[in-house]
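First the structure, which I've put down as structure tokens, then a few questions once you've had a look.
Per-chain residue numbering starts at 1, and chain names A, B and C are given in the order in which the chains are listed.
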Amino acid sequence: MSHRFRHLLAIEPLTREQITFLLDQAKPFQEFQRYPLKKLATLRGKTVALTFFENSTRTKISFATAASRLGADQMNLQAESSSLKKGESLSDTVLTLEAMKPDAIVIRHSSSGAAEFISHRVDVPVINAGDGTHEHPTQALLDALTIRDRAGALGNCKITIIGDILHSRVARSNIHLLSKFGARITLCGPAMWLPRELDSLAPGVHRVPRLEEAVEGADVIMALRIQQERLHEPSLSADEYILRYQLTPGRLRLANPNAIVLHPGPMIRGLEIDPAVADSLQSCILEQVTNGLAIRMAILFELIAGSAEPQEQTKDSPHAAH
Amino acid sequence: MRIVEKRQLMSADEIRRTLERLAHEIVENTGGAKDLALIGVRRRGIPLAERLAKSIRASSKAEIPVGTLDITLYRDDLSTVAPQPVVQSSEIPFPVDDRDLLLVDDVLYTGRTVRAAMNGLFDLGRPRRIRLCVLIDRGHRELPVEASFIGRAVETTDAEIIEVRLNEIDKEERVMVMDRVD
Amino acid sequence: MLLIKNGRVLDPTSNTDARLDVLIDKGRIAKLAAGISAADALVLDATNCIVAPGFIDLHCHLREPGQEVSETIESGAQSAARGGFTAICPMPNTQPVNDNASVTRSIMERAAAVSPVRVWPIGAASKESKGEQLADISAMQQAGAVAVSDDGKPVATARLLRQVMDYCGPLDLTVIDHCEDSSLAAGGVMREGPRSIRLGLKGMPAAAESICAGRDIEIAALTGARLHIAHLSTRGSLEHVREAKRRGLAVTCEVTPHHFTLIDEDVQYDSRFKMNPPLASRDDRDALLEGLADGTVDAIATDHAPHHPASKDVEFDRAPFGITGFETAIALALEQLVHTNRISLMRMVELFTTGAARVLGLSQKTERKLAEGSGADITIFSTDRAWTYRAAESPSRSRNTPFDNRDFRGGPVATIVAGKIVYQA
């Protein structure tokens, strides 16, 4: 059996089979979240390095909890880094990581390509928790898990993604993943954040400028968070955005009556999403959080628990194990 | 290195009779069987547990619940088992607390699987008692584990492998002793 | 005395393409004929090689003074000699900026002491290239500057560009501009397009270059001075230049080897693909190939931009722009332009010699020709010798090139400056 995963850097290079495998592996971990005792010893003695260069409470806590529930220890490398601040470069972090030799590295950074950069320089499995505006693979996986559980097979879905698509790594990862399964993906948002080149990002994608038209008949609606900095660019006021792109109950009614609503969080209630929609029965936002934990446990398990080389048959190998 | 069959241990018929005998023993040695539940250890423990439950139902009319347990997350030897271990769901549709549990597996060898299975059960609650039923006990224990119900005890060497084939999984029914040859 | 034997002489000035021997004495070409014999001359066998006038690189960065960790005049010039160049024009964005005569003089003095090739500095257009006040242009020219530019950035405003061009006109100095509309390009790290979207990297639209090129050409028309557009990389800019030439304006442009070889789709998360202007779209690159063939493009220049390894080994966003280029220029020109039959060998030689000389204004110093009596700056290259470029073997202090370990067919064989061999393969 060949080694399927060394790193999880992006969705784009994965096959349908690999993605399906990861989603299936997440199921036992979904159940695990309901156990009275949520503590395994599976990864005891292993260390997960959490290198979060961007402020992110939820994703970081999710990975930390996932590691902890699997019995692993965590190493927290924190650094302030934004495009405005000239702090340490990633190459300095590489040296620190090499010295500490964790069993896996989870990295979030403001530069696109950061996870790949680390994976080329440190001989440790790397999980991309968000690199610049490039990809956020675990988010797309947990979204896919939620969609599969609540809205049916990925290939049959009509999905609408709303917001600042140009700057969204969540959008990119979701587009790559859903496209591989043959889903129909509609992108909607202000024109300067919806460039023409998005149509060629993956098959099955098209852009629709008007929200009412974009959500019509949708099975899944994903509202992206609007980064406040973007509204200060010489582009769009919050009021304009709300008027044209907020997901309101009225707009939601234009979708499939069983449509589900997703949001990667954190939400700005009253900006990209009406609170009534966020709290409605169609909203799967809380489930996304639970699924995020399950998926991250599955990924940590996949990348850390297996050995690096296929083992020859010994007393302890599958034939003999008992 | 190849694996070749050395000899057949049990035919389909022998398996059937053994399981019937085990079902009787279980009923006799479980006062009343009212809190009894069977837990089949993935993989081949599951069809065995289901057959035992069916047999018990046929002979004593008692309806014994059956759960399934995947022990991958509880193994102590993950890095040597496979390059990419696959974890599957456990399904135990009844509360574990205060229950009389019977773990069912095909082969008892080092005892590590049973140790992992017990860890898994303790994560779900606090059973009153856990006992073990296996089709084959091949010795070579590495942990202090014993089975209360044994289909057949066999002496084996470390180089040998016991292969159990069941219709539900392998589309054939027998137990063999295999040898490793270069 | 040096005798170059059996080479194929290609001289665009006299339109010579013939098998001729070249005898060099006291830094000049003493004789140019077939079958020369000279008893006490050192013989350089140029069989199967092209013998051309000495190549000029109109655009490079030598980093001295101020950033010697990346390159020095000496290491850069050695790399240039190895690349077949006999004269190089370093841009003024050093530390301090070359915006006055004393910096120009120090560069010239240093070059005289250590450089195997001719160094013709380009002075800044504005003080510290800040885009506010004119630099000491006349004084720099007297000290040896051959043109002015604020390269690294565009000349900041149309108003300043006009002043610079008005001033340079009577001085017979070319103004070289790095065309970039800062407001459109700001924050960009590669060419805006499908690849930048896919990689999640901020893009600079092609229009950022062509808008500025258009602006500059109008100012050239207004002032009548000579304008040269540096490292042109888009169809839009090229069309502006074509139109300007049609109008009879003194506008020229250069293209770098990496821009006619690579495109935006080649970009990886690897800073060896990061430069400014960035690698362009396939269509833009096709336009450059057309321009190189039809004469709209006047010269090939490398924009050799060394950065020491530690500074480039960072995440893409953070890396400085630029790649080295002296040693792969000839090989890439052969690979992309000549071996593909897009241009003739004569045209290729022109792009590295007379084309470049005309950009600076033809003079006794800049003229490139192989004729009896003329200065012996000669570039000898092969069109088919197989070799592999290895950055580690370069005398440059930097290694930032996407062409490391690339196999080539043809490349520099020997470089002669003032009759002296400064490089031999």
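For this structure, a couple of remarks:
Operating definition for what follows: a residue touches a chain if its C-beta (ideal position, glycine included) is under 8 Å from a C-beta of that chain, and two chains touch if they have at least 3 such contacts.
Keep in mind that what you see is a predicted model, and the values were worked out from it rather than measured.
Chain contacts here run in a simple line, from one end chain through to the other with no loop closing.
Summarising the inter-chain contacts, the pair of chains with the most C-beta pairs in contact is A-B. Comparing each chain's Cα centroid with the centroid of every protein Cα atom identifies chain A as the most central.
Centre-to-centre separation between chain A and chain B, using Cα means, comes to 39 Å. Averaged Cα coordinates give chain B a centre that lies 77 Å from the centre of chain C. The mean-CA centres of chain A and chain C are about 46 angstrom from one another, to the nearest whole unit.
On the side of chain A, the complex with chain C involves touching residues 12, 83, 89-91, 109-114, 116-117, 131-135, 166, 169, 172, 195, 197-198, 200-201. The touching residues of chain A, counted against chain B in their complex, run 1-5, 25, 27-29, 31-32, 35-37, 39-42, 70, 298, 301-302, 305-322. Across the complex, chain B meets chain A through its residues 1, 3, 70, 73-75, 77-90, 105-113, 119, 122-125, 138, 158, 161, 163, 178, 180. Put simply, chain C touches chain A in their complex at residues 187, 193-194, 196-201, 269, 310, 313-318.
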